[in-house]
Amino acid sequence: MAVITYRDALRQAIAEEMRRDPAVWILGQNIAAYGGTYAVTKGLYEEFGAERVRDTPIAEAGIIGLATGSAMGGTRPIAEIMSINFTLVAIDQIVNHAAKMRYMFGGQWSVPMVIRTSAGYGMLAATHSQTFENWYAYVPGLKVVMPATPYDAKGMLKAAIRDSDPVMFIEHSNLYGQKGEVPEEDYVLPLDRADIKRAGEHLTLVCWSSMVKPSLAVAETLAGEGISVEVIDMRALRPLDTAAVIASVKKTNRCVIAEEGWRTLGIGAEIAARVSEEAFDWLDAPVGRVGGKEVPMPYAKNLEKLCVPSEFDILAACRAAL
Amino acid sequence: MNRETRRAFYRQMLLIRLFEEKCAELYAGAQIGGFLHLYIGQEAVAVGAIQALTPEDDVVTHYRDHGHALARGLEAGPLMAELCGRETGVCKGRGGSMHLADASRRMWGGYAIVGGHLPVAVGLAHAHQYRKSGGVTMSFFGDASTDIGEFHEAMNFAQLWRLPSVFICENNLYGMGVPIAMNSSVQQIVDKARAYGMPSERVDGMDVEAVEEVVAAAVRHARAGNGPFFIEAMTYRFRGHSMADPELYRDKAEVEEWKRRDPLQTYRARLLKSKVLTSASAEALEQEVLAEVEAAARFALESPFPDPATLFDDIYTP
Amino acid sequence: MAVITYRDALRQAIAEEMRRDPAVWILGQNIAAYGGTYAVTKGLYEEFGAERVRDTPIAEAGIIGLATGSAMGGTRPIAEIMSINFTLVAIDQIVNHAAKMRYMFGGQWSVPMVIRTSAGYGMLAATHSQTFENWYAYVPGLKVVMPATPYDAKGMLKAAIRDSDPVMFIEHSNLYGQKGEVPEEDYVLPLDRADIKRAGEHLTLVCWSSMVKPSLAVAETLAGEGISVEVIDMRALRPLDTAAVIASVKKTNRCVIAEEGWRTLGIGAEIAARVSEEAFDWLDAPVGRVGGKEVPMPYAKNLEKLCVPSEFDILAACRAAL
Amino acid sequence: MNRETRRAFYRQMLLIRLFEEKCAELYAGAQIGGFLHLYIGQEAVAVGAIQALTPEDDVVTHYRDHGHALARGLEAGPLMAELCGRETGVCKGRGGSMHLADASRRMWGGYAIVGGHLPVAVGLAHAHQYRKSGGVTMSFFGDASTDIGEFHEAMNFAQLWRLPSVFICENNLYGMGVPIAMNSSVQQIVDKARAYGMPSERVDGMDVEAVEEVVAAAVRHARAGNGPFFIEAMTYRFRGHSMADPELYRDKAEVEEWKRRDPLQTYRARLLKSKVLTSASAEALEQEVLAEVEAAARFALESPFPDPATLFDDIYTP
């Protein structure tokens, strides 16, 4: 298997699907000649041309609405929204249009569309450092995924492109440069399954996206102390594969959830509530939740560092749960 | 314009009028729920405009959508069943009055978020361009919908990408209870199209033939690959914004003035005068349409409610 | 005390505050001559004139942004957004502007603004029947309240108008006609406190807004069986007064949460997670959650009825928790 | 225009230029983080425009905001400290480069959601109208920001309510790497103002005196109660969109062409020619400003980082 970056894995997925199916096209800001803000779409314009790799104005609601309508009309758009923070100006289109189309009209048509966007932070301050995966995961009619590795990114993006319903595909700016093994041959991954990234016996550590790496590091640290941690990467957030978590907790009897976003009302709240309900008799300790500090993200590096959950925070929560 | 078309125009407008009078009745009887927005007074716009389309073209509209659905050829029975929330409705009772659609006729729905359907409509036009299908997408919306951002984003995309999109603004002078002078800094909506370099035209929306003529030219323009076209049809709703509207904001005289220009009655008179209709044929037609509407209502009311077991169907594609 | 409707209580609150403080004004669609979609602002235009009761175009982002800026410039706007469903087109202004202003600029100014909006349903179908209080309650910088009675509505609205920060004040279309006692004299209520609507010993039933009435009915039913239910109306959703819930659960050892919106990732998830964590050793049963069925709301009355939690659903959840 | 004003114009433009060159250096040295958008090349717009304001007026701008902040009289030291994320920064290090503000100078910030600050700016103008304060609100934004819905909603509100709002579009021909021809269906942004019936004018944004003249008239118009005014200043950024920009999309010749019109160098030459400056006085000024910038950088780098104990301050008003 080739070792490639998350960025390259995404690009391969898009390029392969565009080669496979002429209905697939991509639109977004600065994705064509510029190559994409995070360079994911680099080279696609050169290969596929201006009709299939299309720069748009700064008009995110227009972008999503256009992609939705075009999908209804027979194409398969991939809409890139530079940052998940900018999806707020398009959320009406995502939630009240794309996500409602099929049900509200009695199942007459589908909206085969992927919305690719990016979470992340990095001294970008309050309006550019949020993650709203919990909001999108609230919405029936959407599928929401947030892969953490190049392998998952490629397999899930290909699956998302082939899927018949709108998929929020949320990347992370910290991950683009991360490397991992990716098979050369065509493969797809399910959009509704968590993945056990490391098996363990004593504690279930739940994470996704940017939190997978520090969670694995914590598992490694605790392994050195003879504590075996099962690290579950949710990957899919709607549907939310809590069955995998509950099965694990029934074995480990302990659970900690690590989330980059604000703790209150994050995905972790739902997971904790379900685990506490469905594994009530198996839990030996309260479910621990680690989340972002509940402030609008400050710019200053030292403050920002305090806000984002660290390996240390996760480790502390695990110790508290043990 | 041939006699058959003119007769068909009259028939369609009449069908919309009688259908909606029936709707009002069923709403009063609590067979229809939610918000009900009647199109009465504006019939000439939908009928004249949609006439210009082929079955491969698209229609997208807002919540005041009964007229567009009927003009697009959706049957009165399944439409009324939809309004009554029945399984036999065009959307199996899931959509209701504001969300009438029939994919087989490329009638992609009524939408109830003001302006929100316009980027979607532009996207349908994009699909025509992408697939080189030769089709055109027609969208309908009100005067007060041109103040919201999504309208403007859609306009820019359509002109920038030269999409085959025909925008039809039905300017009935009010957005709910607020007159256009208090909503918009310009009083001619066509001025907004000019800001996008989009060709546009104003038309008398109470005259079905005038509408048809202008819209047909717009559709030709779009179909020929020249990009979008914008039409502002001047019209008026004879009823309240919705059934809940106490209607305290409009001058009686203004309403009466517009009612004298009733697109249905004036057209009837015109067809009688030009002998396309006779009194007898007009009355026969009226009886026929009335019977159609009554049959639609019966069909609706005799239809079953959706099966609760199907509640979770259709959220995702199987 | 006078018995008045929720609608009248709101109108009194606005009128009294406008009389008290000339900086207070109100803007929104159809609020002036028309009197408001739900008739809350009826008569205000006549009393206060066009400068202070101002109709707006249909441009919700513009409305919220304008109110935000005007608040920065020294006025105290009350922005009415007809339906919480329409706040989606303004959510960027609410979340990335109003809520961020104070923190992001280092505490230099405040945004004393109230956003009044309405949740609800009633054969309005998928795009008009949602409640997003959980989304707003996720956001540091916002205060979010959702009163259920005329007394709470008036006292909390007055407090919200006097507050220096942006408050999402979420009404409910089912409540406007409901009556209750309201004092004649001036009063305000806290924006951060739950309220025990009925005291009890055997089970804590948590609810807010439209769910308070059926919850009280359930408590009454169970009282007939000798089961004493404590009904807690959250009222305030950010900050979320879970301390009140946890104190109650430490007494009753059982908890059920009733929520109109979709269950997954609703406010109930956060409450359940916190209760399960902080009252872990006190809980005799899993926390029960009742929520809306997870579908885009169908129009048909019989289906809609299945979607909204009923008294019966709440009763069943309580029985399961006992 | 008197000699003092002209000298001040030059000094301000120079300050912005040297300040930003320092920023680039500190960014390379990782003292400044996040996105850094330089204003180099556009200095004449901020300097000429803000000159037309009184202290009671407002300034609101986007993320490319260093020039506006300096032109509004914010001190270089606390600005640089903000960029370096220090407690002594104008926003105590919470905002960073994209969010420079000083309420005491009615500089209400840089904002980083494209178009999002424009409804806010219009709201500040509303407060002037409501309070009858006689103040005016000036907002800055780029060409590519005029395609998003919030821009349009703001424009309509401003003209409809006749708010004292002066809009200044800095048309530097690109939005990130995309030229205006691929963003906007019209190539003159002033056309968009016309759609709102808003008076507008295009001006050479490389000429500080031309900008001042046109903007001063616009401010008079707004202050007199005639409603908003829209200005399109034609300009160019000499650097990339942000420090991360590989800048592969612009023609070298185009860049060189515009650099010949450098607002700072051309103005320097003009002032030398008209004897407002001599070589000696120009150099002295340049040394003085350089020293100011160096002092600002020292101030910034010697300032403490924010105290972690204050992390939760200022979310709500105490």
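A, B, C and D label the chains in the order they appear, each numbered from 1.
Note that in this section contacts are C-beta pairs under 8 Å (C-beta built on N, C-alpha and C of every residue); 3 or more make two chains touch, one makes a residue touch a chain.
Quantities reported herein were computed from a predicted structural model and do not represent experimental measurements.
A.B. asks: For subunit C, which other chain has the most distant CA centre?
C.D. replies: Chain centre farthest from subunit C's centre: D.
A.B. asks: Measuring centre to centre with CA averages, how many angstrom lie between subunit B and subunit D?
C.D. replies: Chain centroid spacing, subunit B to subunit D, equals 46 Å.
A.B. asks: Report, in whole Å, the distance between the mean C-alpha point of subunit A and the mean C-alpha point of subunit C.
C.D. replies: Centres of subunit A and subunit C (C-alpha means) sit 30 Å apart.
A.B. asks: How many Å are there between the centre of subunit A and the centre of subunit D, using C-alpha atoms for each centre?
C.D. replies: 36
A.B. asks: How many angstrom lie between the centres of subunit A and subunit B, each centre taken as the mean Cα position?
C.D. replies: Those two chain centres are 40 Å apart.
A.B. asks: Could you say which residues in subunit D touch two or more other chains, in rising order?
C.D. replies: As it turns out, subunit D has residues touching two or more other chains at 91, 93-95, 99, 111, 113, 116, 147-150, 153, 156, 160, 182-184, 315.
A.B. asks: Can you pull out the residues of subunit C that are in contact with at least two other chains?
C.D. replies: 57, 59, 61-62, 85, 88-89, 92, 96, 103-104, 125-127, 140-141, 295-296, 298
A.B. asks: May I ask you to sort the chain touch graph into line, ring, star, complete or other?
C.D. replies: Chain contacts: complete, every pair touches.
A.B. asks: Spell out the residues on subunit B that touch subunit C in their complex, using ranges where they run on.
C.D. replies: 33-35, 82, 85-86, 91, 93-96, 98-99, 111-116, 144-145, 147-150, 175-178, 182-184, 248-249, 305-306, 308, 311-312, 315
A.B. asks: Where on subunit A is subunit B touching in the complex?
C.D. replies: It is residues 25, 51, 56-57, 59, 61-75, 92-93, 96-97, 102-110, 140-141, 143, 164-165 of subunit A that touch subunit B.
A.B. asks: Spell out the residues on subunit B that touch subunit D in their complex, using ranges where they run on.
C.D. replies: 147-153, 155-156, 159-160, 182-186, 191-192, 194-198
A.B. asks: Which of the residues in subunit C end up touching subunit A in this complex?
C.D. replies: Answer in residue numbers: 61, 85, 88-89, 91-92, 95-96, 99-100, 103-104, 125-127, 134-135, 137-138, 140-141, 238, 240, 262, 264-270, 272-273, 276-278, 280, 283, 285-289, 294-296, 298.
A.B. asks: Which positions of subunit A touch subunit D when the two form their complex?
C.D. replies: Residue positions touching the partner: 29-30, 33-35, 37, 55, 57-62, 85-86, 88-89, 122-128, 293, 295-296, 298-303, 306-307.
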